[in-house]
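Each of the next two complexes has chain A plus one more chain, namely chain B in the first and chain C in the second.
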Partner chain A sequence: MGKQVAIVSAGFSEHASKRSDVNMGELVSEAVEDCLKKVPSVGFDDINAYVNGNMPAFEGSNIPELWMTDWMGARNKPLMRVTTGGTTGGSVAIAGYYTVTAGLPGIDTVLAVAFEQQSQGDTSVGLASVAYGEISILNTLGISYDQITRLLSAGAAIGVAAYQATTYMNKTRITEEDLARVVVQNRHNAAKTWWAHLKMPNLTIEDVLDTPYVQYPLRYGMVCPASDGACAMLFTTEEKAKDMCDIPVYVNGVASVANESAVLGYDGGGSAQVDPSMQLGAIRSSELAYAQAGISFPRKEIDYAEVYAPFPNQELLWTEKLGLFEETTAPEMYKNGVTALKGELPVNCSGGVNSTNAIGASAMERPAEAALQIMGKASNQVPKTVHTSIGSGWGGSLNLITLMAMSDQPQRKWR
Partner chain B sequence: MEKVGIVGYNQVKLQSDANYGRYEMIFEAVRGAIDKAGLKKKDITTVISCTNDYYDGRTISNCFTVEVGGGYLADESKVEMDGAHAVLYGLLRILSGNHKLAVVWGGSMPSCFPYHTTRLYETDPTWERPLAYVNDITAAGFQMRAYMEKYGVSKEEVANVAVKNRKNAAKNALALEEAQNQNITVKDVLNSDIYADPVTELMVAQPCDGVAALLLAPEKQARKITDNPVWITGVGWNQETYYLGDRDLSGSKSLELAGKMAYNAAGIKDPRKEIQVAELYEAYAHEELIFTEALKLADRGKAPELNTNIKGDLPINPSGGAIGGNPPCGTGLIRIIEASKQLNGEAGTYQVNGVKKAIASGQIGMCAQNSILYVLEGGN
Partner chain C sequence: MSKMTQRKSLDYVKKDYVRTRTMPATWHLTSYKYKFNITHMKPFLDKLKEKKLVANRCSGCNRVFYPPRLVCGKCLVKPDKWVDIRDTASVSTYAIAYLKDSETGEIKERPMVLVHHDGSDTSNIAELHPDIDVKDTYVGMPIKAHWREERSGGLMDIEYYDKIEDDAKDIKNK
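Here is the complex of A and B:
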């Protein structure tokens, strides 16, 4: 019944809008090297299996793991590919956990790799195809393509995120300034993270509010960049972890739960009633992961959180839905500095997805950073000691949430 | 490894143009499996799907399958490989102890997309894709030629495999109608259109529409759910290097290593004596021969001499195999289902007698770059 799993290392490639100096395989190898560099006793021979993923439509290569096998050292090794859209990185990390915990003979150390090189293709075109199926159905109902694109797929992910933002703003009565404050905190944090993309140490709220709207209420300055980058995490068993690093980070709870699939839904009806800021998937994911990890009072027990949020409203929303703050109180917490580097519950000290978004990798960078904060090896390390942390991921059409709860202590109670 | 039970399965009829929605098809497969096992939606704790964004023509192809696949508010994920690999993830989840019932489904609708064109996106984007000389079909041509040259195997012996599988498919009501042929001869196979010399049309497992679903449960729950669960006692998977020139195409390194791992897990010492039936995902007729050898069921170059008919020494693909219908992302899963049917005695007209241990394989990539093998056992 399930071995205790530990994270012993995590690594990143450098992130930028265009990493045209490398191809996909080389980009991935940067992250793998950075990951293994931190655990000198581990070589490729010690890795028994691989888990891998990205969003294939963005680069224009189907199952790219096939040709980048040798760049990861995966030749003649078991490899599994997991992709779930925006949550891909989180799903890959979770699959890495499951591969170790299952305890198959001969498999105890697993390298999980997630990446995206968006400059190879067109992300917005890739994302628009998420909505195409529904658009064709709506067309048959007499709703013109023009109206739908303007409503939903214009600006790809922003199109749907704007709905989520306005419904959330309606509940909390916050202003655009509250959204900008989140962005400023993230970009300042990113400036201190070596691998981050948008580093803006001098950004102010006024600067953010001075940029044009992409879609109300989201302004250009509030939106995540499109990055090239990769992330790797090394999972192993409790016994082996102690030999590999000083402070192993134990994975105590994982979940990836989806709510109803869409704002519009498959047939353009029914699901349209779902409030995109309700987030049943996030609530259920946190229930499952916290129950496994033995976390009863997330607000008190969790010391650090990495929340997947390309847009600032989502960071506010999901810190609430994942149980870190009471409903509608997150904006206040950001105002009071609770989530800052030196605050009581620091959030996204890596700069978050808002500052760096290599989509397939983003949801893995969250648990990776959250684990490094426990190890004390994060680039922008929080001053307090972190015992328990979480890393989340968001994907699908606003509906799928992955979550990994980690701690410096193994958790066996729940079984 | 601890054994995991297969407690239910269902497959839709394979069709070249199903002419009904992808989502209806998924629902039919998954709901059917749950109904047959006498379970309810609330019993599902995890769902693993298997689709491919390129095959489905949309980014995040599992996004709108949440409800129809039984994934609403269940812990779910997607494996973008073969259906057999999705079963692997379901198996890992069950073995973790976090889950009590896993639904695994996989399939696709190639009637909506040009399958071999999408396969081209698997090739190296810099050197191979622009000219498209190397693609999944020409790679199969290299593979068959390499195998024939190395071991002196004739075209007729390869065509025999296609004949056997198409005749077997005729007995399988769920197989692709176009693939079923009771009266096919070696001559028909060799005289069909050339795909990539020496591979001809009838040697190819034609992509078709279809979805299959499978239910997995830990041993204790499996015994409660059904009286005759099929046990997964061994699994192995492996990926070899990419460039065809770096590989020995006359064999399958990936399946050889996967087989070694699975046999080891299941404690199989002499596969030839211990295994009664094999369901292999052969994307082309010659691959069945190569795989048979990679799995140590025959000596190198001797697979054509093995009698693999339903009543033969070692029946391979009594259901018709992938040549009997090849829904991308579903084929490997169907192999596991067919092997389970053999163990449960549910295979009807193509039942093999006295099956106690069976193996089933899956693959992705050109010339089966990544392979997976399961060892299945019946009885309690």
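Here is the complex of A and C:
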């Protein structure tokens, strides 16, 4: 059976819309330095292997992991790059977990690095290279180019998220005010986090509702920014982790599940996931990860959650689908302050993806922040003691979900 | 044992670069050769010319795919049974895009809908009648296909969808 894996540290670079003072290598080195600063006994010599990832083609430069080896101390060491679109960060963290748990001789400590410098390249060109295949099929089947551009008029992610928001709002009978409330909570939390991008300590619900629609029902004030930033996480075995830091965070369950993509479907042939807010992939990934971690009652046992939600409706949706709240009750929980910093189940106290979105790194910042909350080293630390936390990721056309369940106790049931 | 001394700080490098130089460059997307199979689409596209809608059904899970699919991802078998489906449908979800007209500069509201055909188990992108007010659109709105005069055997043969009377409006709160 695999080795028990622990997270000993996590680090971030400063996020901004344009980090023109650094290049990609320097950006990564900032996050690596911040990560290693928290574990003084670990140097570059102690790190055995590296996992690296970013969204392909967004910066306009290929194979960046090969020329930034020196910036993260990976010279002459095993190095692997993982890119899975929006969930890149989550997949990189899971790859780091797999590398340690495999128990290869001589590989105990693994540094996982995810980054994105969106200001350097053209995001729409990168997205075109990702989605071009399916779009070209629609064109061949007789849908005019005019209609295709309209479908993707506001960019791919919001183009499909708007569909999801409509069905979710119809199902739960919420208004835009409920969506704005989620945004306000996130932006207030981001103001207390040193590395976050959109810090708005005085934002009100009225301010959000004053902004114009990007695409109904999502307004300009509700959508995530495009950031430059990097994140690093250090994985090691249970034995070594105890020497490295005071409170190691044990990774007890990981899952990466894809269901049929909503909206576009296979080869442009429609999707069998008629309701985009159904999200069978999220339900299945939470089942898998919780079963590995021995979590039977997620609502009771999980103390802190970081969910990947660029848009407020998704934050409400994922918290329900990942088993934290009952179906259609999440808006109520945000209203009652259950998810606030001092609430029963704080959600996204770093500000979430809604406030900071460096695409390749965002999905990794979720488990990283969730781990730091257990260690008590987070920038916006929740007042209560966190024992168990989760960090999720979302990608693809509403279909790929990654999830990592962490705890301060190792899980031995299934090993 | 502390290894703080061994770690090399990168500050001395950054100090020299007060302002990072930016090198502009372009990356042209030229051409792709994306391959996909359309043999399963052929009967469907031919029937569109005759104002008929057909879909294929998976014999494993009985799901009906409109437009047809080469393989059922759930059962990993080829859906080989052809079924006729009606031209009535419902709006499975929608969003509104705000597009600027390139000539006049005015911003137009255009609804973008996913249509769920009666008798099928999939939804696909489509267009609503231009006269339908976007504010009246709701999830589950019943619609009917409006055929183009000259049909060429493509998905655009259905020009748009007309709104039809909603019998279940009292029951299903919009």
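Just so we're on the same page, the second predicted complex is superposed on the first by the 401 of 415 C-alpha atoms of A that agree within 3 Å, B and C clash if a C-alpha of one lies under 4 Å from a C-alpha of the other, contacts with A are read in each partner's own complex, and residues count from 1 in each chain.
Following the convention adopted for this analysis, contacts are C-beta pairs under 8 Å (C-beta built on N, C-alpha and C of every residue); 3 or more make two chains touch, one makes a residue touch a chain.
Keep in mind that what you see is a predicted model, and the values were worked out from it rather than measured.
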| item | value |
| --- | --- |
| Touched partner set for A:P276, first chain B, second chain C, both or neither | second |
| Which superposed partner A:G60 touches (first chain B, second chain C, both, neither) | both |
| Partner chain(s) touched by A:E260 [first = chain B, second = chain C, both, neither] | both |
| First, second, both or neither for A:A162, with chain B first and chain C second | second |
| Touching partner for A:D45 - first (chain B), second (chain C), both, neither | second |
| Partner chain in contact with A:N23 - chain B first, chain C second, else both or neither | both |
| Partner chain in contact with A:Q215 - chain B first, chain C second, else both or neither | second |
| Touching partner for A:N170 - first (chain B), second (chain C), both, neither | second |
| Common interface positions of chain A, toward chain B and toward chain C | 23, 60, 129, 132-133, 260, 266 |
| Complex contacts: residues of chain B adjacent to chain A | 1-2, 23, 52-54, 57-60, 62-67, 71-81, 85, 88-89, 91-93, 95-98, 118-119, 121-126, 235-243, 253-254, 257-258, 261, 264-265, 364-366, 369-370 |
| Chain A residues touching chain C - in the complex, by the definition given at the top | 20-23, 26, 29, 33, 36, 40-46, 60, 71, 121-122, 125, 128-129, 132-133, 136-138, 140-144, 147, 150-151, 153-154, 159, 162-167, 170, 212-217, 260, 263-267, 269-276 |
| Chain A-facing residues of chain C, complex | 1-4, 6-7, 9-10, 13-14, 17, 19-20, 22, 25, 27, 29, 32, 34, 36, 38, 41, 45, 63, 65-70, 73, 92-99, 110, 112, 114, 116, 121-125, 127, 134, 138-140, 152-157 |
| Complex interface listing, chain A residues touching chain B | 1-2, 23, 50, 53, 55-63, 65-70, 74-86, 91, 94-95, 98-99, 101-106, 120, 126-127, 129-130, 132-134, 254-262, 266, 280-281, 284, 288, 292, 395-397, 399-400, 415 |
